Each structure stands twice: as structure tokens, then as C-alpha cells.
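For reference, chains read A, B, C, D, E, F, G and H in written order, and residue numbers begin at 1 within each chain.
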Amino acid sequence: MDEASLKALLQQVKGGKVSVEHAVGKLKDLPFAELGYATLDTHRSLRFGFPEVVLGGPKTVEQLLGIVGALVSRKQTVLVTRLQPDKAEALLERFPKAQYHPEAGIFHLPQGKPKAGIVAVVTAGTSDIPVAEEAALTAEAMGATVRRVYDVGVAGIHRLLARREEIQGAHAAVVVAGMEGALASACGGLVGIPVVAVPTSVGYGASFGGVSALLAMLNSCASNVATMNIDNGFGGGFYATLISRTQGRR
Amino acid sequence: MDEASLKALLQQVKGGKVSVEHAVGKLKDLPFAELGYATLDTHRSLRFGFPEVVLGGPKTVEQLLGIVGALVSRKQTVLVTRLQPDKAEALLERFPKAQYHPEAGIFHLPQGKPKAGIVAVVTAGTSDIPVAEEAALTAEAMGATVRRVYDVGVAGIHRLLARREEIQGAHAAVVVAGMEGALASACGGLVGIPVVAVPTSVGYGASFGGVSALLAMLNSCASNVATMNIDNGFGGGFYATLISRTQGRR
Amino acid sequence: MDEASLKALLQQVKGGKVSVEHAVGKLKDLPFAELGYATLDTHRSLRFGFPEVVLGGPKTVEQLLGIVGALVSRKQTVLVTRLQPDKAEALLERFPKAQYHPEAGIFHLPQGKPKAGIVAVVTAGTSDIPVAEEAALTAEAMGATVRRVYDVGVAGIHRLLARREEIQGAHAAVVVAGMEGALASACGGLVGIPVVAVPTSVGYGASFGGVSALLAMLNSCASNVATMNIDNGFGGGFYATLISRTQGRR
Amino acid sequence: MDEASLKALLQQVKGGKVSVEHAVGKLKDLPFAELGYATLDTHRSLRFGFPEVVLGGPKTVEQLLGIVGALVSRKQTVLVTRLQPDKAEALLERFPKAQYHPEAGIFHLPQGKPKAGIVAVVTAGTSDIPVAEEAALTAEAMGATVRRVYDVGVAGIHRLLARREEIQGAHAAVVVAGMEGALASACGGLVGIPVVAVPTSVGYGASFGGVSALLAMLNSCASNVATMNIDNGFGGGFYATLISRTQGRR
Amino acid sequence: MDEASLKALLQQVKGGKVSVEHAVGKLKDLPFAELGYATLDTHRSLRFGFPEVVLGGPKTVEQLLGIVGALVSRKQTVLVTRLQPDKAEALLERFPKAQYHPEAGIFHLPQGKPKAGIVAVVTAGTSDIPVAEEAALTAEAMGATVRRVYDVGVAGIHRLLARREEIQGAHAAVVVAGMEGALASACGGLVGIPVVAVPTSVGYGASFGGVSALLAMLNSCASNVATMNIDNGFGGGFYATLISRTQGRR
Amino acid sequence: MDEASLKALLQQVKGGKVSVEHAVGKLKDLPFAELGYATLDTHRSLRFGFPEVVLGGPKTVEQLLGIVGALVSRKQTVLVTRLQPDKAEALLERFPKAQYHPEAGIFHLPQGKPKAGIVAVVTAGTSDIPVAEEAALTAEAMGATVRRVYDVGVAGIHRLLARREEIQGAHAAVVVAGMEGALASACGGLVGIPVVAVPTSVGYGASFGGVSALLAMLNSCASNVATMNIDNGFGGGFYATLISRTQGRR
Amino acid sequence: MDEASLKALLQQVKGGKVSVEHAVGKLKDLPFAELGYATLDTHRSLRFGFPEVVLGGPKTVEQLLGIVGALVSRKQTVLVTRLQPDKAEALLERFPKAQYHPEAGIFHLPQGKPKAGIVAVVTAGTSDIPVAEEAALTAEAMGATVRRVYDVGVAGIHRLLARREEIQGAHAAVVVAGMEGALASACGGLVGIPVVAVPTSVGYGASFGGVSALLAMLNSCASNVATMNIDNGFGGGFYATLISRTQGRR
Amino acid sequence: MDEASLKALLQQVKGGKVSVEHAVGKLKDLPFAELGYATLDTHRSLRFGFPEVVLGGPKTVEQLLGIVGALVSRKQTVLVTRLQPDKAEALLERFPKAQYHPEAGIFHLPQGKPKAGIVAVVTAGTSDIPVAEEAALTAEAMGATVRRVYDVGVAGIHRLLARREEIQGAHAAVVVAGMEGALASACGGLVGIPVVAVPTSVGYGASFGGVSALLAMLNSCASNVATMNIDNGFGGGFYATLISRTQGRR
């Protein structure tokens, strides 16, 4: 509530147009719903144009049914990430209009048609695809048009060069890579758009579950690279779509 | 060079309108200048609308004079980061129209007037200001309007709340914080714009030179946070400005 | 035994009121019980007003039955932490008056009514609840009144602000958070009471099993935050209750 | 502002006893002072009974003079930590009533007589004393009575045993130790009060600048041990004094 | 395509001997095959004299059948590493002429007879043999003659001394060792040939899954030691064979 | 073979008392037996008075049967460590006179009666006992008299003090502790004998699988503490027994 | 004080032969001297046959003069380690009979003639000599005969083999090595005596200030290797001499 | 000495053609020179065709003069690495025919003309040049022809593509890169020769002194990449030259 609205409200109190009780309610009203085990941030869709996303993995089926139900009853799009197949089944039974993408672990129940720009999703190898799909499906759920450019790692750099135009034409690119994570820098150097780098835990030995790729991305010699947490495909897709929407939001 | 231009060029060769030598030149021409110790990427300003930025710290005065001279002769804006005062003095003597900001270590010699959007630069404490200024001056050099929101760390969260509107109104925010780096998440949760988090090496003991803040930012529970390398104010300012320009670029 | 009691005892020896053998026994008597595989510290309840707590996880059922039996025979409250359900079943069969809380892995067999102050237990997310319950049940077993404030992480800071009074009114707060652990600093900044921060292993990738949250808490910019080991809900509840009792103990 | 006061204020607005402008001012008034480079949290002394403490190390003399002046003008006690001798000299010239303790790097300008309980400060070795003094002087500045128990590390455990009563009689103990940090556990096992463990960077090789002691303290087998950041003597003293005051605060 | 060929091609276009369409095809032709989920680098066998090797572990049976089929149809040798037995079975059914080595997890379908030099494969212990066999079988698939020198770790250095001549006579040696990895230095000091060190995850505790051996190898006091990733037997065998072929390649 | 023996042998060759063939045999004879997959160091029992110990864990039953058989045929004591129960069963069937201790994972087939001194084995908690038993059984197999002092960790330091004499009377002590590993320093400070510290992986969170205890032991403020690898009970028992035998060996 | 002496003392109290005051004094007398900033453990020389060693580095000249004076007045040998030359000068002025070894940073003021066995000190390279000398001088101060075997690292293993007998003939060996630390395993495998491994911070890059050598030593495949902290030459010499005296002590 | 030569020698002893003393000398002769503080491995030039290289940094001028003198008197090429300018001056005074390259810290005194193949030395940035020059000068000292390809990092991948042929034509390439180290993979993917990757400590923040680049290189998705220690330019040049000489050695 900004100063102007506050002043207006108080004027109404003064003028008797609004009761003290009503004003107290207005001023102390907090923008969330209390479920006991969860406190839903229902104003979030105002802030982002997209509701709170639910991390499915560690929650019980009961908690998930409650949270999804609360969102649905508020007519908000539902996106559950990292959802195990067995929990997905229980949710789909209750909410048959939803879709579940097992490879990416994404459960999606859309409301309305959000709009966003173009997002390229690029992977170094075949093994990075599950994380990339988490990014791509998130972006699509948020209204983005997604261009998938898969298996173009730097061990054969000509594969990336051949698809440069396609990436350059997007508003933002999500680059998904494990092992040494060099694709983020190589791609960042080739295109003039913001690159959201997502390291994956693909690799073994001194890849340390994605730390090697993470460090490479943080140390990128290309200035247009920002980094997400390891395997955080959802975050990559969300952030890139946010960038692609910067235009429309204002 | 895309397929259509290639075809057109070859048609001109076939038709004798363009000599073989000229076409060879066109096709083999590589977009950089070789200085011996450095290979300037002069096409970069086409890709980003901003030329290659020079990391000043580890370079000798001779190398810097050569590189800056080469950029100036190509009429490109020059931005040197992490420049020590004594080297700055030598550069300023040769290029008196440039400006040097000692706190942020930035040397700037503008050419033309680039245009970009609004970037908020937010810091947790007073000690984070040098890195924040590196971000702010970079953004300004690239044409952004910068809103400085300093010393609003989470130990007194009402200071941040009081300036929420100011940040929310920008196209992107650079959040600069050391110690536990909690400001990135707190700020990300309050505003609906892309947040570029820059951890700083401010702190001691288990802050491990910024690693603690870096990890906090990578693990942010707010989805609109992407992370830069420790103390990389330049990267934060560059990336946020790139986002703010996404609109104009297309 | 302090100097005065020592002197008194020796006076009694001198005066023949106490035999040499008895005095030897007094002086060499050590305050623990030897079970072979375990050495119970039975004087501990004198020091803390609460007996030694048993870490259940790595012990065998036989060892647990022996240890719990020894405590019960000394009429001491029993608290077993990290107890697996199958071992709990065996213990409950033998000690049917005890209670087992499977979510928190806590086995409790109370003796008498301990008294302590008010402890707030605060969590960032739904996934932090098991560790929080370990803290809350420990505090309750030690006589504290517990206020549960769950799912109020910084990604939606208004949820925390709304419950500030409730936390501030406690003698100490246990703040349980994974991922970037920012809640400890945010909460510490809002309230003027000692905060005991418990990082959880909730998160993935660069959360490194709770290390990210742990570092954030150790580096907290709020001075009223001290930190426990990762997932150590028991320790958090124990320590906060100890603080809440500081008053009554003297 | 709680609901009752809010209601009262609105009643006064309604009744015309308070102007709309005044109410707006009341409601939007934020409890801090903006210095440009710093945002002082002047309500902090209400929350903690002690004003914001200033980390002196990374600030310039100009910033420090401004901040200390602002606190003094609000009649608040000033405590600057980690202050270098040359900056201290400049501050002492302006504020001659203050005291500077060079070993601990503490600058103190008291206002009024705060009251707190008894705090024991215990060190493992002679080299831990500077950090211990930071803790002790902080506690004394906050009104605590401090008992110094120095150089009682576990390599000669009888030295600790001999002073057990002295520590046990305090409300809380700050245990300061480097190298393997075993003193925190040994001391925690001996006394029934809350122990605030402060690891120091004393040691070499695999002590890793205090990490070894830090880990030992986090993993303490004694339940009454909570841990501060490496070398954070100030934090240890602050936290222990807060505990010792729990009684008086309510 | 070098400048001369480019000039020749353009001359042909000019002279009408080559159509514009054909030249476009030539110039834009990219040396890889697109499978959707994978982009095969079919020119690789020209670069290395050995086709792209497929990392089997994280791929699905369907992906593997597609990739192996594509390579076979191009008459290229197939080498799949880290292949699980159940996937191997599916591949063998389709490609019965191939061989599968379960201990080393290697699937091999040869085409033609490659030629290379002599490679020694040396292990510290019996437990290092699976990684060593991955190296040895890779080298043999690439045409090398392999000398296996197993279980000659430095705890009994005379075992290594007794077989020194055998190793010295090879073109390159792959040294496979876990635990403290000292064999690489000891072997490197004894022979005058390039040593490719492969750390293994054999060991426990502070071996940290091979990191201890990795660090030892990187810090080798012998100058003729270069290091591969942990457990990367394939890489060791590939690299040593490449060295052994340096002679024949020119 | 020292210079004198060498000279004597050559004199015998010169004088025709020893054939050239015999001398070649003598000089080239190497003190180990080659099994193909293992190279037994059969001279080891001369060096240590105890044969090579076999790490059972990663070896196959076939390899173990071969190695144990080879040792038995040379009339050497067999000690296999970290042996899984199923493999132990197969070995016991073939070598029924052997003993298997499942808790410690030790398989023992004695030959003769070795002699050694007194070794104390001390543990911090009940959970450290498996590693301690590995140490104790190894020491007993090597002829030592073992004094077990279990569950005397520093959280109740009087338990350790009560058994100080018992430890002090040994030639060397193995101190086994997880969590913060403080027992090594406390025990080292109390007794004047060499302490062999064995960190265990007991603990959770920031114990990092024993790293915390390991670091504490390496940084011990007691000078009579040397450290073994995490969970290396065998090494601790072996080393302490070696110390206890120093007398008899010379 | 054991039970028998306790009983005897109490009998004397009973019989009036010893006053209560005297007995109190006896029983409460603690074996250390309090200097204010240091608590000297004067009974240590009874436990170890060697007094407390003083770590000189972090102490002030005043503290050192006080501590050394207190030891001298008790007629105890003084050994100060890691002493800087300027502090040494001040000590030598006051105690002119002492000796200072600047390379090793050791200050030594002997009292009487301690006796110990033979200790070999072995280094990998020339750069490891300062740490080795710290070990050797410590051992000599404790009465050991030291055999120096320097610069025999595994990059030229024949150098070590040539001096094997010399090492084998000692009671214990201190092996000092940086970089990959392989010498500890190689030496441990060659000799049948206890090896005390001291990693040094010699090296660069991935040697991480000695961590690489430390890990190699902890993971040694030779069972007769125990490890000291990085650069802890004093500890190595102390521990090896303790072993060498095990014989004479009983 | 192999069996045949041994047999022949013994035959000569038997036949009286060689005296026992001479044979003893032959058999016990060890291939090194003892300087007291250093043990020169003078047979090394036989093994590698290049004598032992001296690490200059940590050695004193006296030690260096002694070692270099000993090598010169044996007519061996001298290469001292990491030599500080002041020490170099002292060496040059004594050995005026030598050369010192201050940027690379290399001191070189050649004897004869070694022969080797072609080595490419490639750097990512200008700041990597000192390490690259250490590699290049080492390779040249060993007889290699060096191709310097500097400042071709992946942020502008076309710079690397333009010089691909030059690198591909070498026998081996040393790739020197800091920050994210992506150049090793990109270069390895482009050329079919062995790549020796040298990470540099160039970078800041999360580059951790070269660890980030080191990990990237160890995890390279290109199979023809082996890795050296951080900043080990000498090792890279040595190893690549060794590969390039494979042909001539046999």
C-alpha cells in the first residue's frame, strides 16, 4: 500500500465513509493463506505475473493435495516441480485436467494464457536433457516460446556454431551443461543476449556432483552469463522467461 | 553470415559483380584485431551493442595503452575495470578525456550515447559499496539509469521494506551483499523483477572470502535470483543492463 | 566437591565420625554407571536439570534397552533422539508408558514435570518441519512452552513480519532453515531475543547437504544468532530451553 | 505498531484529534536514519536494549565520524569493533570521553549504565586472548560482570577442572579456542549453563584459519554448546550477555 | 576449408563449373548428424583416427540403439564405455558381432584394424583393476599393444622395480592408483616416457572418493606425469594411445 | 643384501664354490609371489614381524581364496580386514580354523604366537566401538595385550579421569572418536605415552563423514598425538602394537 | 593420587599425624603455576619426561620472558618453537646459555641430559629441510640420536633405496615431504619401524599449502605410517622420540 | 642392469677378468651425487634425454650455486624454474653464458643441441602469458619448435577457429587458461593431437586460485586432454616436448 492509497483510506476513515474496523482489517490484512503446514503467498502472482511454484519432492501427498487445492480454488496456475511419479498419480486423480511430464518431474495445471517472449534452451550433451526439459516446460508454462538446441557441447564446437542464429534470435538463453560446463562461456561469447547458465550434476570423479560446471560458469570469461544452482532447470526457465517478459511488464 | 547473404555473395561472384579476391576477403575476414599479446574482438560491439571490456588489473601499462589505443582508433567506447590508480594515471595522461573512478577502479572513455533501461543497485552494508559502484558505473557507462539503494541489509529489514517501490520500478536489480548474503533472497522475494546477485568478499572467518554469500545466493529460495562471481560488480552491472535493454534490442 | 565440604569431611575423619573407608568411598566415588558398552553420566541431571539424552540412531536394540532401563531404574526422564521406527517399537513394548513421535524420531518417557520458559520454533519451509519438530518436542520434554511458527521463509517476508510479536514474546527462538538459510538473519534482525539457528539439509546442488545454510547462519549480520550443527533439531531445542530456564536456575 | 495502537490512532483520526497528515507520518515513519552511505537502525536499542554495533575495520574515518556522531547525538552508547589504531586516534580526538582497547580493537563510548548478569570468558591458550578480550569488553560494555578464565586448554585438563565452579556460577560462558577447539566440548560437559563457542584462527596447517576449531564446536558432543563465526569475539560476548539478561528483560 | 580450396571453389562458381546451389551446400555443410536427442560428430574419426566414443551410463537403451546404429551405418568403430550389463544385453542382441567386457563396462564393435604403439597399464593394487581394464581395452580397441603390470604399489616398491624394463619399453604408461596415489610419482621417476596418471576412487575416509590420489598426481615431483579425472580409465587409455601414435601420424 | 654379503657371494663365484647360475638366482630373486591379479609381498613378515594384511572389502571371493591360500601355504598368519559376512563364510568353509569377527569385519587365521606389549583402546562413545574393535582385534592378532576403555568421551570428562591410570600403564593408546574428536587431545594431555588417534565417521551434518574429528586430531594441542585415516581401526591397532614392540625388535 | 596414597593420607589425618589444613592443601593442590596470561603445566615433565614446550610465534616478548623464566626457576629444560629472530634475541640476552637455531626457529635451554633412542629424519627435497630441522633439533633436545637422510624423494627412488639400512636401524623415522607426499608410503613400505609422517606446505597450485601431502600420508597404503599436522616438525620429532623411549620408560 | 649383463659380469668375475672389488663397485654404484643438502639424480639425463630440472624458488643462493655448479661440471644442461630476479643475478655472475627470462622466471644454461618436435602453446588471455612462456621456454630448451597462439579464449571463439590449423600441425599442444578454463575443451575438440592443459591462477572470487580452471580441465568432455598442476607451465612444456620426441627416442 503506497502513501497515496494510505492517505485516501485515512481520509475515508476521517470522513466516516469507512469504518475503523474496516480500515484496521485493510491495514492489517496480510497477503497470504495459512494452511497450518504451509503459508501460501497468494500475492505472488501480482508480483511476478505467475503464482508461487511448489517444490514437490520433499512434500507428502496430503500436503500437496492441500496446497494445489488452495491454489486451484484461487484460480491460479499450478506448477509443481521435482514431483515423483507416484505422487503425480495421486494429484492427477484429483486434478484430471493437469499434465505430468515424468522426464522433467513437472506437474502443470494451467489457468489462462500467460504471455512471454522467446527462450532458447541449449544443452551440452544428451544426459543434460532432463534438466533442460525442466527449464523448457517451465518457460512454456509461463507463456514463452521455447527453442530447444540439444547436444551441442564444445567437444565438437561446429555443432554449436551451426545453430548460433537460432539462439541469438531469442530474448534469453538457458545453457544447461555438466562436466566442465564450458558451453556457457562458448555460447555467451557467440550471442549478445543474456545467458542463464544451469550447471548439471552430470559427470563423475572431479565433477563433484556439478561443482566443477558451477565454478566454470561463475568464472565465465563472457560477461553475459549469470548462474543458477546445480540442476536448477526450473530456476533457469523461470529467470529467462522473466527476462523475456521485461518488455511487456512495464 | 547467413545462408541468404552467402547465396547473394556467390551470385555476385558468378555474375562477375564481385571479384573472387573480394569474396575470399569477405569470407575469410575474421572479426578481430591481432595486437600480438592480445586479440581484440572488435565485432563484439555488434553482438552486445557494447565493446569488449578490458580487465585492467593483471595487464601492464604498455599492454593497456596498446589495447585502449586500438579501441579508440576504432571509435569504440572504452571501459577498463579493476584498474590500479598508478596505471590509471598513465592512461589518463594519454587519453585526457577519460574518467577514472578510484573507489570502483573503473576507467571510462565514452563514445556516443548508448541507451538502456533502469537498473537498481542495492547493497547490504556500507562495506559493499565499492563493488556496488563498479556495477553502477558500468551500467551508467552502458546507458542505464541507476537507482542506488545502499545499506539496507536484513539485520534491519524495515530499511529494505521502506525502499521496495524504488527497486520494483527498475527493469532489473543488482543486489550486492557479503557475509551471509541474505539480502538477495529477501529482495528477490519482495520484487517481481530479475535480480542479479553479486556476492562480496566482505566478512571474515567462515565467510571464506565471499563463498558463504555466493552459496546463499545460488541456493536462494526466491526464483528470480541469478548469481555472479564473487566481487564481480562489473558483471552484475553489465548483465542487469543487458536485461534492461532486451526491449530495445529487438 | 568444593573446599568447604572437603574440609568438613576431613574433620569428620579426624574426629572419628566417619571411617577412613567411607571417606575413601566418598572421595573416589565417580558419578557414572558402567554398562560395559556405555558409561552413563548419571550426575548430568544435576548439572542440567535434565538427564543425558540418548542418540538412538547408531545403537542396537539391545544397547538401547539396557541404557533406557538403567535410566528408568534411576527414575530419570528418558529422551531418545533419531530413533528408527522398528527400534521404537521394541522400546515401546518394554516401556509402554513412553511416547514415540515418528516424524521427529523422538522417544520420550517422562518422569516428573520439569519447568522452563517460552521457546519459539520457526521454519523457513514445509520441508524443514521434521527438524523443527525434533526441536519443539525436545523443548516440550524439558518443560518449555513452544510456539510453532512454520513456513515463513524470506521469499515472502511479509509472512514473517505478520508473526513477529509471537516470536519476540518468547525467551529464545529456534530458527530452522535449509537452502540459503536467510531466515536466521531476517528473524534475528526483527526480534531482540537470542536466536538459535539450526541449518537443515533441505535443498539440492550447491546447498551441499546444509553447508550453505550453515555458513549463512555463522556469518549472520545479526548479532543475536548462534548456530547449531546441520539438522540438529534436538540441540536447538535443548539450547533454547536452557536459555529460557536461565532465570529459574539461579 | 500493534493492532490496539493502530485502532487507537485511527479512532483519533476519525475523531479529528489527529490530522490525516500526522497519521500518515506516524504510519509511514520508519525507524532509521539515512546518512547516505549508511542507514542507522536507531530502533535497535529498543529491541535489544543496546544500540547497533559498528564494524569499524572496513569503514573510512569519515564514515566512522559520521556514524558515531549520529549515535552520540541520539544519546546512544557507541561500540565500534575491529577498529584499527589510526582510525581510533581520529575518533578519540573528536570524542575524548571514549575508550579504545587496542588488543581487542574495541572503541567504547558509554551512555548510561546497562545491567546484565554474569558471563564467564574462557580461553584454551594465551594466543586466544585478543578474541576473548573482544568478547569480555563487549559483555562489560553491555553491563555484564565478566569472569576471565584464561589458558585452560584440554592438553592439561586439570587446569580447567580447578576453575569449574567459577564458570558454573555464571549465567553463560563464552569459550574461545583455536587449533582443535576441544575446550568447548570439555567445558560444556563440565557445566550446566549455555556455552557460546567462539573458534579462533589460532593454529597452522590443517587448522585452516579456524575451520578445524569451528567444525569441532559444531559437532560438540555436549548439547549446551552453540557456535559463533571464527574470531567473532564480539558476537560471543553479545550473545552470552543477551542470555544473562533474559531474566531482566521480561 | 582452407583459403586455397575456398579460392578454387569460388573460381569454379565464377566459371560456371559449379552451381551456386552446390557451393552453398559445400560451404554450409556441417560435419555432423542430427538424431534429435544427440548430434553425432562424424568427422571426429578424421581428427583422431578414431570415432566419437559413447558414454553409456546415463543414456537410455533407445538412445544407445539409435546412436550405435548411426555409427554402424557409417562403418565406424563403436566404443561404448560405462555400459551397464542390462543395456549391454540389449545392444548385443541387435549387434551380435560386438563384444562386452562386464568388469570394465566396455562395449566394442570393431571396424577395420587401427594401428598404434605400445602402452603399459600399471596398477597399485588389485582393487584398481576395473579402471585399468577400461584403459587397457580402450587402448587395444584403438590398436595399441598393451602390457599389463598389476598390483605393484609403493608399499612394496621392489615389485615395481622388478618390472621397470617392461614399462620403460612402452611409448606411454597409464598408471592407475587410489588411496595416496604415490605410484604415479614413483613410476614417473623410474621411466623416461610420458606417464598418464589415473586416480581411482579406491580407498576410504580421507581418500574422499579419489581426491587424495588426484591431488597427489597433480602435485607429482616427477615432471613426466599428466593427470586424468578420477576413475577415467577410458581417458587414460585413449590419451596414452594417442601419444603412442604420434610417431605414425605424421 | 648388504655390501659384505655381496662381496662374500662374489668371492664364492670367483672361487668356483657357487655357480654363476646360482648367483644370478640369488641376485635376481625378488621377494614376492606373483598371483596374476596380486603380487604378494612375502618378505614383509621379515620387515614387520607380521605378514601383509589383506584389505578384504573390494576383492572377489576368488581373489581372496587365492591370496589367503598363498599365505597359508607359506605358513604365515592371515589377517583380512573389512571383510563382508558372505565372503567370510566362503573363506571359513575353506579355512575352518580361522575366526571371523563380524562387528569389526576381521578374519583371522593365526600361525604361531607373536609377542607385543600393552595397547589401550579408548573410545568416545558407544558408536565408535566397531572401529575400536578393529583396532583391538588387530593388536591382539599381533600379540598385544589390549585394555578396552570404552564410552569415556569429553562430554563427561570424569569418566575418562577415572580410568587414566589404566591407559597410562600401556605402551601406546589408540583413541577412537567421531563428532568433534576432542577425546584425542584430552587423553593425550592426561597420559605420557604415544597416542594413535583414529577419527571415525560417527556423527552427522558438519561432521562430514569424520573430517571434523580428523582435523581436530591433526590440530591436537597435545604433542603426543599422531593421526590415522578416518575409520582406520586396523591402522591404529597395527601402529600402536608396532610401538609396543619397539623393545623386543632390536 | 591413587587410592593407596589417598588411604594413607587419610589414615595420617585420622591419627593426627597430618593436620586437616595440610591434607586440604595436598588434596586441592593443583599441578600448575598461574602466570595470569598463562597457566604452566609443571607436572608435565613427570608425565612425559619432558616439560611443556612453548609455541613462540604468537606470544609477545613479555609473555615469553615470563614463561621461560618460570620454567628456568623450576629447573626445567626450555624448548620454544617457531620463535622469530627478534624475539629470540631478547630471550638470548636474558638467558645467554640458551641456543637459537634460526632455520628451524627453535630456542633451546637444556637442563640435565635426557636419554632417548635413535630417530631417523628423512626429507623428500631440499625445501623440506627447515621443517625437518625442527624435528631433528627437537629430538636431539629430548636426548635422541638423530640420523639425517635428506633429499631422497620418490622422483629418484634409488636415492632412498641406497639409504634404507640407515633408516631401518632407527627406532622410529620422521618422514618430511611436501608436494604429493609419496615419500611416506615409499619409506614406510621399505622399513619395519613406525614412521611419523610430517606433510610440508612446500609446493604450489593444487598442493593447497600442504593438504595434498597431508591426504597422501593419511591414505598411505603402508600400515606403519601415522600423520602429523602440516609443517609440524616439532610434533614429528617429539612423537618419534617418545616412541624411541618406550623401551627405557618401563 | 639386466640379467644378461649381470650374468656376463659374473662370468668375468669367475674367469678372473674382473676383480671382485671392481664388480662390487659396479653393482653397488648408485647413479647420484650427494651434495649434503641435495642428492642430484645424474642418471636422469639418460632416462629423459634431459637432466634434472631445478625448482629455484625455495632454495637459497648458496644451494643453487652448488647444484648448478655440480650439473655444469658434469656437462649437463641446466634449467632452473621459478627463479627470483635477485637469485638469478647471483647465478648469472658465476655462470655468465646462461640466460634468464624474468617474465617466466626461467634460468637456462644450455649444453649441446637437443632435438624435439613441434609444440603449440595456446593461451586464453593476456594474463596467462607468464605461465605460457614458462612452458614455451622449457620446450625450446628441450629442443622443441614452439608455436605461440596467445589470447584466443572462448569468449570470442572465432579467434581460436582462425588459428586451428596452426595448432593441429603440432605434435602436442599446451593449453594455458585461467578463470573457467574452457579453452582446453574447446581446443581439444578442434584438434586431433594430445593436449596438455595447464590451469592458471588467473581470475578472482570463485576461481579459487586456479581450482575452477583445474576442475574444468579434469572434467573435459574432450578425451585428448590431460592436466597439469595449477600454474605448472614448466610441466606442460616438459610433457608436451616428451610427447613430441616419442619418435626419436626409440
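In this text, a contact is a pair of C-beta atoms (placed from the backbone, for glycine too) under 8 Å apart; a residue touches a chain by one contact, two chains touch by 3 or more.
Remember, it's a predicted structure, so these values are computed and weren't measured experimentally.
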Touching chain E and also chain H, the following chains: A, B, F, G
Distance-maximising chain from chain A - centres being C-alpha averages: G
Reference chain C; chain at largest CA-centroid distance: H
Homomeric contact chain A-chain H: same or different residue positions, threshold half: same
Distance between chain centroids, defined by C-alpha means - chain G, chain H (Å): 39
Geometric centre distance via CA averages, chain F-chain A, whole Å: 55
Chain D: positions in contact with at least two other chains: 155-156, 190, 205-207, 211, 214, 218-219, 229
Pairwise chain contacts, counting only pairs that touch as defined: A-B, A-C, A-D, A-E, A-H, B-C, B-D, B-E, B-H, C-D, C-F, C-G, D-F, D-G, E-F, E-G, E-H, F-G, F-H, G-H
Complex contact set, residues of chain H against chain E: 2, 46-49, 53, 117, 165, 171-172, 190-194, 196, 214, 218-219, 223-230, 234-235, 238-239, 242-244, 246-247, 249-250
Contact set on chain F toward chain D in their complex: 124-125, 153-157, 161, 179-182, 184-186, 188-190, 203, 205-208, 211-213, 215-222
Interface residues, chain A side, partner chain C - complex: 30-32, 36-39, 41, 44, 52, 55, 58-59, 63, 199, 201, 209-211, 214, 229-232
Complex contacts: residues of chain D adjacent to chain G: 126-127, 129, 150-152, 155-156, 158-159, 162, 202, 204-207
Touching residues (chain side chain C, partner chain G) in the complex: 3, 6-7, 10-11, 13-14, 16, 20, 23-24, 27-28
